[in-house]
Amino acid sequence: MQLNQASWPEIEAYLKKSKGIVIPIGSVEQHGPNGLLGTDAICPEVIAKEAGDEAGFLVGPTFSVGSAQHHLGFTGSITLRPTTMIAALNDWIDSLHRHGFKRIFFLNGHGGNITTIDAAFVESYAAWSLDGEACPYKLKQTSWWMFDEVAQVCKELFPEGDGSHATASEVAVTYYAYPEAVKDVVMTPKTAPEGRFTDAADYRKNFPDGRIGSDPSQATPEKGKRIVEVAKKALIREVEAYFAS
Amino acid sequence: MQLNQASWPEIEAYLKKSKGIVIPIGSVEQHGPNGLLGTDAICPEVIAKEAGDEAGFLVGPTFSVGSAQHHLGFTGSITLRPTTMIAALNDWIDSLHRHGFKRIFFLNGHGGNITTIDAAFVESYAAWSLDGEACPYKLKQTSWWMFDEVAQVCKELFPEGDGSHATASEVAVTYYAYPEAVKDVVMTPKTAPEGRFTDAADYRKNFPDGRIGSDPSQATPEKGKRIVEVAKKALIREVEAYFAS
Amino acid sequence: MQLNQASWPEIEAYLKKSKGIVIPIGSVEQHGPNGLLGTDAICPEVIAKEAGDEAGFLVGPTFSVGSAQHHLGFTGSITLRPTTMIAALNDWIDSLHRHGFKRIFFLNGHGGNITTIDAAFVESYAAWSLDGEACPYKLKQTSWWMFDEVAQVCKELFPEGDGSHATASEVAVTYYAYPEAVKDVVMTPKTAPEGRFTDAADYRKNFPDGRIGSDPSQATPEKGKRIVEVAKKALIREVEAYFAS
Amino acid sequence: MQLNQASWPEIEAYLKKSKGIVIPIGSVEQHGPNGLLGTDAICPEVIAKEAGDEAGFLVGPTFSVGSAQHHLGFTGSITLRPTTMIAALNDWIDSLHRHGFKRIFFLNGHGGNITTIDAAFVESYAAWSLDGEACPYKLKQTSWWMFDEVAQVCKELFPEGDGSHATASEVAVTYYAYPEAVKDVVMTPKTAPEGRFTDAADYRKNFPDGRIGSDPSQATPEKGKRIVEVAKKALIREVEAYFAS
Amino acid sequence: MQLNQASWPEIEAYLKKSKGIVIPIGSVEQHGPNGLLGTDAICPEVIAKEAGDEAGFLVGPTFSVGSAQHHLGFTGSITLRPTTMIAALNDWIDSLHRHGFKRIFFLNGHGGNITTIDAAFVESYAAWSLDGEACPYKLKQTSWWMFDEVAQVCKELFPEGDGSHATASEVAVTYYAYPEAVKDVVMTPKTAPEGRFTDAADYRKNFPDGRIGSDPSQATPEKGKRIVEVAKKALIREVEAYFAS
Amino acid sequence: MQLNQASWPEIEAYLKKSKGIVIPIGSVEQHGPNGLLGTDAICPEVIAKEAGDEAGFLVGPTFSVGSAQHHLGFTGSITLRPTTMIAALNDWIDSLHRHGFKRIFFLNGHGGNITTIDAAFVESYAAWSLDGEACPYKLKQTSWWMFDEVAQVCKELFPEGDGSHATASEVAVTYYAYPEAVKDVVMTPKTAPEGRFTDAADYRKNFPDGRIGSDPSQATPEKGKRIVEVAKKALIREVEAYFAS
């Protein structure tokens, strides 16, 4: 069930049977020579949508622009400052709490979001903890590639060059979602170097085409489909357990 | 051209021929008994996408959650506080400026966003004005229903009961975009009352099913298609003029 | 009744019969070659004062510096950033709410303030809407030149060259208020060009002496007096209706 | 010279001979049974105006609402939170700096403002100090009652019961400025108790009619005139020394 | 009793007999050629610790970095912006209030902190005053050198050249606390000039080695010990009176 | 070398040979029945001090209060909100950058700080990335218990019941640092349960005496000494590598 395509009476009916919602959260940032700028939003969005449709849980709007300062050396990347992101996430959380949601599960698509999402959760809880009242809701984030079975299928599909940014697996998921956007690009070098980074200038210097450790030319819509199938099942299991907790 | 489905080298190539981008901006809020919560994001998104595809200009990610505090009495609505929205819009603007964009055109889908978007523009310009430097970019917003020809076609399609919230025309556009989400609901009263509001409690008291002045049961995908065709042309004309200014 | 010249027991007595207050709100910014920097604060201040004295409603202190970044290319202009203005207006509103005021009517003197004042209202309402409580007060803004009869008298007095910034009518009102400040300046060109602007550099480039569309050399104290008389009556009517709503 | 009644070309001419400006800064807060809510803004405003007119220096708009949380137990008082006041003062300072002012002298009318004004100055300097650049302007505040000769004349006029809030001397200055607002109230007790306070509830409990240590029924317009004459001379001396520093 | 070396059950037991706590608050900033960067934190920390140990009151963690922008021209100085400091102090206050503390006594070691600490107190009280509730706690600050008997012993020990920054007395207290850090430096000139400052560049220009008015080469651990003994007694007296108020 | 006990000329001399600094960062929060509230600040402080003294690198002041909202159900715990902590860390970073430091290594003592520290780093880098300038400094955090050899020695010393909060190893380190603060408490149950938490109420409900998974009654000063020796060596190795990077 997609919140964006539901009416308010439909959400009101949903809330009578479940107090849980899943929010895909991504980033708009470069994903190398053949990856989409929207990759990190598209991946959790498609997985959450398929899972929600199958299992009947509610999927909220995608929080699409996240923490991507390190990618600003590549055209098209957009970032929120962490303090802005904390404020925005807290406005979303406060709105959902207003309606009575008690389990808010963020399905994350961007490694760079993890710490700021967690800081946003702490900001939210801190208001209750300082007031001395029990917070009536719980907040959780999971990144889709961290489900065990997803990690395994990605390893099977891409035994080499899945990498850590502009990964073959995430590009494959976006190709499955938007086959019309498949881009045929020769990678040089075939597999990008691994490494670390600080700001955008440092990132661009170390990773000239934007990839880290990956060969995303291996990505195909079919492989993406396979990943989404596995991820969908994992997400349903996790969400159902979380909503029941 | 959709930024989210482009790679960074594609955006870099685009910037060599144009410094302009269109950002759809919406809201997630109740739209009455048969309207979608995502209406205000969906409408500018579909219009901008079709226009961008036809005319070749770049369409950025949708800024989907906006200023909707007055709708919080209806389940599923999500709001940003204006100060959060100003911060987030400025982070987007700063990111786009970093890449060299010089004309940023927000195609708006929510009346309640207009003043805060403008305040965000002023916040952005103020930094340059206080520094005594000329701001290298220009910012513009237009709401899709304000194009003359769009207003006219909506009046033709819905001579009565287009209304001012959960309008027949906006619901029609979303039905065109998501025909699977068409909802068949009898409206009582057929046309909702007109009026004004302050906060969420006041809104809910005055407009019990969320509509203002509208009878959105008149909406059909076909009528939505017609509106989008007209809006697309208007947008192309406005965007081309703006990018050339 | 002027809050600034009243004692607290007098305000306490006033609150027993009315919960309404009028706040003049302006800007300190250039108003062309013969206009006063304080114009936008002076106009609503003098109108509100005369109306309040006649009708017995309470007029609060003038919120004198507003949103004027676009005028910073002209010496003497002072601006608040929109986020600062939202914070300050909310502190005023919270203070007045603390005392039990339930209708706060901002009489505005500056077009550039309108959107940020509205964003400030939304910020105020949002706190209640997110908490799920009904906001006990209502907020309203009207710009003095928007009253129908004021628009009409200005048109009669200045059939040409009233303009849209440093208007003949606003300069006239200030000359009525401060006849010792009348400045005799020849305008070149007689009527300034119309147009739009973004930041301060853009404004100054397009409007070299600060005026937009106006010939304020037509302003006289007598014409200002006439405008104030009309505006006073309009304001009394609006305020009484609003306080009774 | 009053900025609010000057045109921008007049300020531009002024800046060619002086880089200094005086800003009256006050508060809107209760001043006991016969004192005006606007007292703390009125006093520095009238002193600065008379001094500026005599000595030819520029007097900016009055920063009228300040730090008055402790008076909120008395109707009509309005406060800024300190963080809001710091933001607003910095916007004023940044605007004046933009125009080339190098000496900004705040003439203060409210003891409760002193620390927050100083914190605002530190916030302003800190931006330069952290950047490693020399700040091109200097900021100063003085409270009008702290000039030695003013303190002395107040002591002469009110050997007993001048007090520390709603003082006889400040009420006298406002009576001189607004003789039509003189209020004839019997004080009980004749002289209010001295003491300290924290928040508004604590203040109201300790000082039931708002006064601290004062008998302002001694205030007359004539005594106010005397104080203003002395304060005017002191201010001229201090301002001229400061602008020349 | 040191909070940092206590367990939570020990603090819980303490709160049954006292609702008061002392917080040393300092700065990390240059203190001239022979003074320690940590001087302003060390002095209140050692005095509070010895007093708390003797009298049995609770001493919280030291708020060690404060308002020191004017010292940034000297290597090693660290500052908070005033708005950051206000936010941090309010988080501390809110945490202590959560546990039931009702008297929070800041023992300050840095003149430059005084106004911002006061602004932080006002920010804290303002939340209660605007809500119309009585604040359940009281906040107080005293700078250790302001106790009468401390001022007197410093004058006895250093009849000349105690000064106003990098004072002989504060350096002596740190030498008593950290005798291994005593630095033997010849001062040129023997006594530094007095004066005022604005930002860091201005400070460094006027006071090239960081001292103001002092000859801290007079400092010895023995003199520091004497000062601490006197300060300890004064603090115990003040704290006991405050906690009992 | 301890910054707090150094003079500014000593830091200036240090900067000629190294641009690196280590900042211990902790939290003030409950650590179970026998653990110190200051544990998380004390551990990195003592390790950094001993390492800095041995290897000659500079150790800055301890950032002592961190992110501890979940512990507020236990008396004495103090927290910063994440947004406050981000602001404060950025003020520290900006100050150190002002002096020319290029490698800032935070040695962390609290798991709950990790994400907010990272968000603070991103906030700092984002300013440079958005400006399009290369950030001249690098920021790093490591938690002392994450060094491989430290993890191993803790496992050897406490094969069971080291746990994840109020761990035997951290309590041991504090007992080594403050042997006078050793507390003899019988733990019930001997080993606390493991689990997760959200806000303070949730934490207290799940972990009634504050411990998670630990039996800290095993802690002794001797074991703490052993841990510090190992950690010191690991830290020296990491810091030297980082400063040389």
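Quick notes on this structure:
Order of writing sets the labels: A, B, C, D, E and F. Residues in every chain begin at 1.
Here is the rule we use: a contact is a pair of C-beta atoms (placed from the backbone, for glycine too) under 8 Å apart; a residue touches a chain by one contact, two chains touch by 3 or more.
Chain by chain, the UniProt names read as follows: A, B, C, D, E, F = Creatininase family protein.
Keep in mind that what you see is a predicted model, and the values were worked out from it rather than measured.
Chains that touch both chain E and chain F are the following: A, D. Rounded to a whole number, the gap between the C-alpha centres of chain B and chain E is 54 angstrom. Chain geometry summary: the mean Cα position of chain A and that of chain B are 24 Å apart. Note on chain placement: the centre of chain A and the centre of chain C lie 47 Å apart, centres being C-alpha means. Centre to centre, using the average C-alpha position, chain A and chain F are separated by 30 Å.
The set of chain E residues that touch two or more partner chains comprises 72, 79, 81, 83, 87, 95, 98, 129-130, 132.
Of all possible chain pairings, those that touch are A-B, A-C, A-E, A-F, B-C, B-D, B-F, C-D, C-E, D-E, D-F, E-F. Those residues of chain B lying in contact with chain D across their complex are 129-132. Contact residues on chain B toward chain A in their complex (touch as defined above): 2-9, 11-12, 15, 28, 30-38, 41-42, 60-65, 72, 74-81, 83-84, 87-88, 91-92, 95-96, 98-100, 178, 180-181, 183, 185, 210.
Looking at the complex, you find that chain B touches chain F at residues 91, 94-95, 98.
Remark: chain C residues 67, 69-70, 72-73, 79, 81-83, 86-87, 112, 114-116, 118-123, 125-126, 128-130, 132-135, 138-139, 198-202 touch chain B in the complex.
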